[in-house]
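Have a look at the structure that comes next, please.
Every chain is named by a letter (A, B, C and D) in the order it is written, and numbering of its residues begins at 1.
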């Protein structure tokens, strides 16, 4: 069987690749997300695909997009970053590239990629948790991607962790992604610096006290150098992460939880506290078979590779 | 095709029935759970099945049991009420009744029953929430029962609703079933009576002030007579119910949430506040297609009927 | 004994009055807060006092200011609205008006006013809770204003109600004033309108769907007309209010809790739910003597009158 | 001036002492609490006082009792351990010992003792937090004991830390003493052992796996030997302690918070995490003058010494 194209439309850049049936990237292209104009985005993606088609026998296209995708996998119901509402993305792209197109939520696509070719290649049931600015997720049950009734399953970042908790962009309060994410890491780091906590001095020095310059990556690098406050801040995110995974495990019972996303680059600084909190927070822990928490393995390519494979399996 | 037997092993009684392929109960038997002796329970169930076999061409047996059931559907990993641990129930029962046996968690079996023949007969993706003393649940995705990697998916009553919240029998804190259940209803009613709240006087009078006599059914009946405190207490359970369902909907995206269990007998007194809280608590409510909350329709027979059908579909 | 001047420096306007020893306002002046320039504010206040001195034998000046005031009652440590930091307000004003000056936190001054001449004139121990945009408060113990060791007691709006709760301007999370205030009322109203909740239609219609136009006063007026959503929204604020008061009552044991501030204009729509929640949330309710919740009675003049009296009692 | 007698009636023992005006114990007696028979307790205390009177010119008696004491300091409104309800303790004791008697809540008496002769001798405004099985407290404002309107101020253990949180014996949910106390320490330790957490093995070994034998003292000793799980468990109690103190500091603004009670014997293992959490949880931390957290210094004698001094100052 031939190759397919996988596309991952993120907030700031678009990845396009030709992927073979073993999940290997044969060729690729990376373009900036052209502002937030939906039409420009579709045109740019189509152009990129057309170019790749010249050298590769592409059979289908899979697109991962950050947002709600309908159950038929053809329409983006809502994409907060790109301001798409009820966008018939598959139709529009098919018209331009003359190939069958399937659309999938980006985190779902990434979960599928990890399941087929990455951290979850050896299991049938897994949960992918991508810890980036927010939290994304995808659920595999019995070798199938759980898309839900309306196509919007797996929005695990909006599991409510704290009643009347921190305000979320989704309109609710206390969503998990307000506590176990890069956003939370940055917010808490800024708080420590602003409160002039002694241990936060090294972090403050990195940005000359300008808290707006703090990024999650800075905190991670500082932690990797042994800074106790940075280590503590990442551990705190890990703790919330593990507690949320324990809550989800009671509901969906995965054998594997793969942790991906930018914040996961902190490695065991994040994963060890997450594992400890996960075990401590499990319901009926003695009798419940326990999922393994493992790093995701495909990095930023997971969504693109997963989308390409979903196009093949359409 | 012929009939199968469905068995529902509850904490205090066992229901056994011959069920046909349309989910209709052809014959049935109800026995008390013989204490908590696992052997006696198996013997009693086997005897009942043998008797039913005389008049019916039973092809297989499905058993719903309150507890963790392994992924192979043969062993009860842990049943809190009956004190079963790693009980090879299918093996033991097969040896006694000479029929193929499948075991399933009771709430999963009930979810399957409702999906096949009850409230969810018209959908492909549903969540059953049974609100009894605690909360049980079962998830149907794409027409399949989600059993999880280890067979213990759907333990939705242990979704954590409140960090550092009310202690749960499962060893954790803040589990959903501590807030949205018959146990919560009774506990809160007793609190109001003990605190000598004026509006609680009619409820107190029902039990001559002996709060230990309060039952959930009493509160429901009192609410149905228009007692404002009872109505308020049930509405509060409904509110927690709706909030938890909203949190789950973000994760599993059902098109239908069926509400069953003893407390659901309160009808709209429970369901209306649950629906309002559900809608109020949805993440990104404007763009998210919304599940319907509907009463379950098979009552106490759901588990038995579902187990019988799972035996057929084994 | 003669009269004193009371000054209340709020975020948008300044009230200045000559007050007699019975707390009666003999003459007054109201000026806009001149931007946020501290110097201009002091000058404007001084000018107003000079004018009032011409006709009245003013003996001293008391100033209530929104912010932290030092234990010596002379320096504003921090005023968030006016951007004062370590402002020697008493010194500067004394130099300009040639009268003794005492500074007090505005809510403390209001508490003193209510205690001496208003809702608390008949008690020795009271708590004033002013529910405006945020929550202010003042504590009277044994006939004395509790100023605390550093002068910053009574910041009850920053009692933590929800761990990891809604972000507060004070740098913390879950402060009471994020739940039981005008800000909370407006935020929740906007949420309901945005989520297109049916019952919120009348409120949405008031502002043609432009949620930014919603004010607390609008919601109150709508509730007074019988709008069920508005009534519910105010009751929710009342519930949080009562729960926080119950928590405080365990600590400071007042006999009276007076409720003032703009949101309190909702009257029993706010107070009845607050009382019910207060009683429901009391620790050891049967054995604990219970404080009365009562509306404050001096309205916006409480701070000015209280400040004037504190100047007399200095 | 002469000496007075201080009495501390605890749950299991009664301390009686002759105390001089410098807070020094001149003579003392310790008796077991005779069951929970209120009459026997009064008789035993009276007998002990009579004996001490033979050798000392006792001028008055102060009694600290665990429970609610009325504003007149004569009647125990409610003592949960001894089952006193509206017990006219001062009258009864005066009749038996022929000396003036004042009654005070035991934690208030201890706060007074620490304020006059212990950790708070150098300040005017302090909060005593006694961390024992539960949390007790006493507040000193401007050199006076804050007794509240009804005599029941300072019940800081019932500050609500977690809405819908862990059930408290007081009838409420989420009280501070469910998280920052010896009870919490023991409960969490037992949880870790039951969940078979690896790091809990040394603690489990201490009691041969019988979690009911775990005591707070054991965990403290184990932590002092360097056991990481025990250290972590105490730090967790410290964290909750510091968070609650920060919340209280916003309300009562002490310059000193003295930490006493059995759990405080863990020293810096408890205090350092408490201080860190306190600083991290302060509202407007940069501008708020900060209280010092310091160990209490009178140990178990604080209540007795404080009660004796309150009798003198009556």
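As a convention for this text, contacts are C-beta pairs under 8 Å (C-beta built on N, C-alpha and C of every residue); 3 or more make two chains touch, one makes a residue touch a chain.
Remember, predicted model here, so these are calculated numbers, not experimental data.
**Student:** Which chain's C-alpha centroid is most distant from that of subunit C?
**Tutor:** Taking each chain's C-alpha mean as its centre, the farthest from subunit C is B.
**Student:** C-D or B-C: which has the larger count of contacting C-beta pairs?
**Tutor:** Higher contact count goes to C-D.
**Student:** I'd like the Å distance between the centres of subunit B and subunit C, where a centre is the mean of that chain's Cα atoms.
**Tutor:** Centre separation, subunit B to subunit C: 50 Å.
**Student:** Could you state the distance in Å from the CA-based centre of subunit C to that of subunit D?
**Tutor:** Their C-alpha centroids are separated by 34 Å.
**Student:** Residues touching two or more other chains, restricted to subunit C: which are they?
**Tutor:** Touching at least two other chains: 161-164, 171, 194-195, 282, 285.
**Student:** Quick check: in the complex, which residue numbers of subunit C touch subunit D?
**Tutor:** Touch residues, subunit C against subunit D: 68, 77-78, 80, 85, 123-126, 137, 139, 141-142, 144, 146-156, 158-163, 168, 170-172, 175, 243, 246-248, 250-256, 281-285, 287-289, 291.
**Student:** Quick one: which bits of subunit C touch subunit B in the complex? Just the residue numbers, please.
**Tutor:** 163-164, 192, 194-197, 279-280, 282, 285-286
**Student:** Mind listing the subunit D positions that touch subunit B in their complex?
**Tutor:** 161-167, 171, 173-174, 179, 191, 194-195
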